[in-house]
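So that you can tell them apart, the chains are marked A, B and C in the order they are listed, and the count of residues begins at 1 in each.
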Amino acid sequence: MSTQHANALQAAIVAIIGVVILYMILSARGGRQLFIRRIPGLAAIDEAVGRATEMGRPLLFSTGLVGVDIDTLQALAIAQYVSRLAARYGNRLIVPAVDPVIFAIAEQLVREAYTAEGKPEAFRSDDIRFLSSEQFPYAAGVMGIINRERVASTFFFGYFYAEALLLSETGQEVGAIQIAGTPATTQIPFFLASCDYTIIGDEFYAASAYLTREPTLLGSLVGQDIGKALLMLLVIIGTATAAPHLPLHVVSQWLARMLHPGG
Amino acid sequence: MEQSSQFWSRRIIWLLLAIATGIFIVVKVKAVMYVSRPALSLYEAVERVPADKIIVVSCNWEPGTRGENGLQTEALIRHCLRNGKHFAIFGWAYPAGPQLGQQIAERLQGRYHRRYGTDWVNWGYKTGQNNMVRAWAQNIPGTIKEDILHKPITSYPVMRGIRSARDVGLILEITPSDTLVTYVRFVYGIYGTPIGYACTGVMAPEGFPYLDAGQIVGLLKGLAGAAEYEQLLHYRGEALKRMPAQSSAHLLIIALIVVGNVLYFRARRRGEAPGRRLST
Amino acid sequence: MQARKWAIVAAIYAVSGLLGAVALWGLTHLLSPVFRPATGVAFGLAIAASVVLWIGLIAVIHRLPAAVKKRIVVTATFVAGLFYVLEYYLPAKSAVFFWRAHHTNPFSPMIFTVGDAVSVIFGFTFFLAAFSLSLVHGKSIAARRPGYHNSIAFFVAFIMMAVFGLWETYSPDTTLIHHIGWIRRVTAHQVYDHLFNSMYVPLTATLFSVLSFYMATAAFRAFRIRSAEAAFMMVAAFFCMMGQVPLGMWLTHNLPLHGPLSHLRMEAMANWTLGVISMAGLRAVTFGVLVGGLAISLRIWLNLERGAFFEQEL
């Protein structure tokens, strides 16, 4: 039976980062105050929803092209926040889904948001739609919705591929205020070019912490930063000892061997 | 007024781009590509595959990216057919991928006097993603079972002796999405099977960390990568023929950026608002 | 007080994990004589029995109080995650961890079965997708909403592709039309081929091509040199774009192919920008994204997530 298993260093790194994250979560829950810098894109969500309500036009929230995944679950957490705002202002939120499971989760999520805000009758089940699990049919569907419904604000959160620019340019054409956040590094330039606010890389994972200010999420965010610092330290050690003539070159070789897949 | 000018400027730009690329349907210009190191490495990796091993042409692409991935697939399959390398077409991300690969291989096989079943086979589209790839790497006949024609794959001479990823000489992952990481994790990481990556231009930067780490042996970047490969094959195919159009499109986009900035600086000097600021 | 509380929670997780792991292992050993590969009638009966069993189980779970349902979800999430954690982090062979014969990891053989089960569960969502689409477009046609002709087109395309796709798979040579007027013979394969190659393929390729036009308008509208960083980005973009096309390569073709000056060739600068500068930045962002993914995974696995669809933690 050949399956991949972690070696001691790989397990140790994940364990240390995991413990740090859990420790910071517990710390935050214990009352420790943690600082999180302002993220303009997330701060603009309220403005975007308010603008759409003033214009009497709906909102659109796309959770990306990937099915049930960490990125999509994070996008749904942000969608939950947006749907609460939309419900509060009595506006429509259209959520086109690329996956049937996401469709089911999104429908429940948005319905509960409207109910929690005391406006269950304002929820329209037709606004939560499964379009297609294929990339370009999904993009065509979303572009059609943006044009037909003349949405005033669009939110693109999740993992996107080539359709990112198709969606955001269509939103530009109808004059929508656009906020995007994706961990897909190759699509960030396209969102930067077409959207008013773009959340880059791991700011995307900070979004739920930023919006809710929950101690658990804040603690997790700080724990992630410490984890990243640990990885940076490994990179620095590996780079500093990489030159073959150095006596500590064996450290760099050992790190490379242990961190290589299959090592 | 602003909306009207935006409406017309968009249409003018689109018309210019259509002319800039479409003119090369009529005007034939011969393009010469200087081959990059990643493309050359991939070419050499295909050349090095021993006769008793099979190359997996992993067609994880869909019709939308036919302009890039389709031409990459054609160049790679042409190389395999020309050199008599046994290969298997395979796909697990997009159902249409293996079918599109089949069309390309069927079109090319006659030119090099190769035959389906003897020189190449199509395993078809298999569901299951990561789990299926893991099982496939361990037991190819047990996981694949039937080819695209619903015949047992063990009945084909090309599949003789092919049991697991250890019998695969090279995996050519052709895709517009991030399916490479599955092969790196579950095949290269366990069996050390070499992997080549052929992706759309926009995904190419994501391939460089793997190339730098030695986890992939070579990289083809979009249409340019396909053209470089045709250059190595000394074959003037569709990719090379389309490079002048791509040159023209790139030049147009650079010109548009320059014009846009000139207008922006003029407006700024006049004290006019430049429009909504983009923020991160 | 807080520390003691969390120590107790951690202990509960550890014990449930251990019990869950033992239960998983025991269950597979007990049930493996029952679940043998089946064919023919036995296979059909096994499928039917599985469906009935699952419907019964879902019906029972549906009737339970919300708090109990939540605990079942949390426990199932933890055990499922624990399976993959133990399978990956425990070594393939260890006399310390595994006391069975050959000291092999007992979870590794199960990984394919568990993965197949996950695939089956996701397969059911196909029906949900088809139902949702039919409902939305059916309502549009029934109410004669503006653009309802698109909904009619959806049904026509959906049914045709499904019917001819299945026909192509199981009986491609079936003759549909035989000598009617000037039409000699039309088979199921030909119709499917036409639908796929003449309609689906060009339509998706067309939409991808639209991307290039949108890129041009985005470039004209958005790329402004407002700062020094933007200027650097423009220069890098110029090299990357021109270094990959023959026109750009021609600009510096007079420079030698080898030696110090070769690094100033357009394609060399493009490849250096992509392969060194861009790669380093991408790697850094990837680190952040993966650590973020680890954090979210931990929160979901250990039920530390708060939010609407995870509700209050226990």
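The rule is short, and it goes like this: a contact is a pair of C-beta atoms (placed from the backbone, for glycine too) under 8 Å apart; a residue touches a chain by one contact, two chains touch by 3 or more.
Computed from a prediction, not measured in an experiment: that's the story for all the values here.
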More contacts between chains, A-C or A-B: A-C
Most remote chain, CA-based centroid, reference being chain C: B
Cα-centroid distance, chain B relative to chain C, in whole angstrom: 20
Rounded Å distance, chain A centre to chain B centre (Cα mean): 28
Whole-Å gap separating chain A and chain C, where each centre is the average of the chain's CA atoms: 16
Contacts with 2+ other chains: residues of chain C: 111, 204, 207-208, 215, 217, 219, 221-223, 282, 286
Residues of chain B touching at least two other chains: 10, 62, 64-65, 134, 205-206, 278
Contacts with two or more other chains, residues of chain A listed in rising order: 1, 3-4, 134, 136, 162, 185, 192-193, 200
Residue numbers on chain C that touch chain A, as the complex places them: 2, 6, 87-92, 104-105, 108-109, 111, 122, 125-126, 128-129, 132-133, 136, 139, 147, 203-204, 207-208, 210-211, 214-215, 217-219, 221-223, 282, 285-289, 291-300, 302, 304-309
Chain B partner contacts - residues on chain A that touch it in the complex: 1-4, 40-41, 44, 134-136, 161-162, 173, 175, 185-187, 192-193, 195-200, 260-262
Residue numbers on chain C that touch chain B, as the complex places them: 111-112, 115-116, 118-119, 123, 196-197, 200-202, 204-205, 207-209, 212-213, 215-217, 219-225, 234, 238, 241-242, 244-249, 257, 265, 267, 271, 274-275, 278-279, 282-283, 286
Parts of chain A lying in touch with chain C, wherever the complex brings them together: 1, 3-6, 11, 14, 17-18, 21-22, 25-26, 29-30, 67, 70-71, 73-74, 76-77, 80, 84, 99-101, 103-105, 108-109, 112-113, 116, 126, 129-130, 133-134, 136-137, 139-140, 148, 162, 165-166, 169, 172, 183, 185, 190, 192-194, 200-202, 204-206, 208, 212, 214, 216-217, 220-221, 223-224, 227-228, 231
Contact set on chain B toward chain C in their complex: 9-10, 13-14, 16-18, 21, 31-34, 36-38, 62-67, 96, 99-100, 103, 127-132, 134-135, 201, 204-206, 208-209, 211-212, 221-222, 224, 243-244, 246-254, 256-257, 259-261, 264, 274, 278
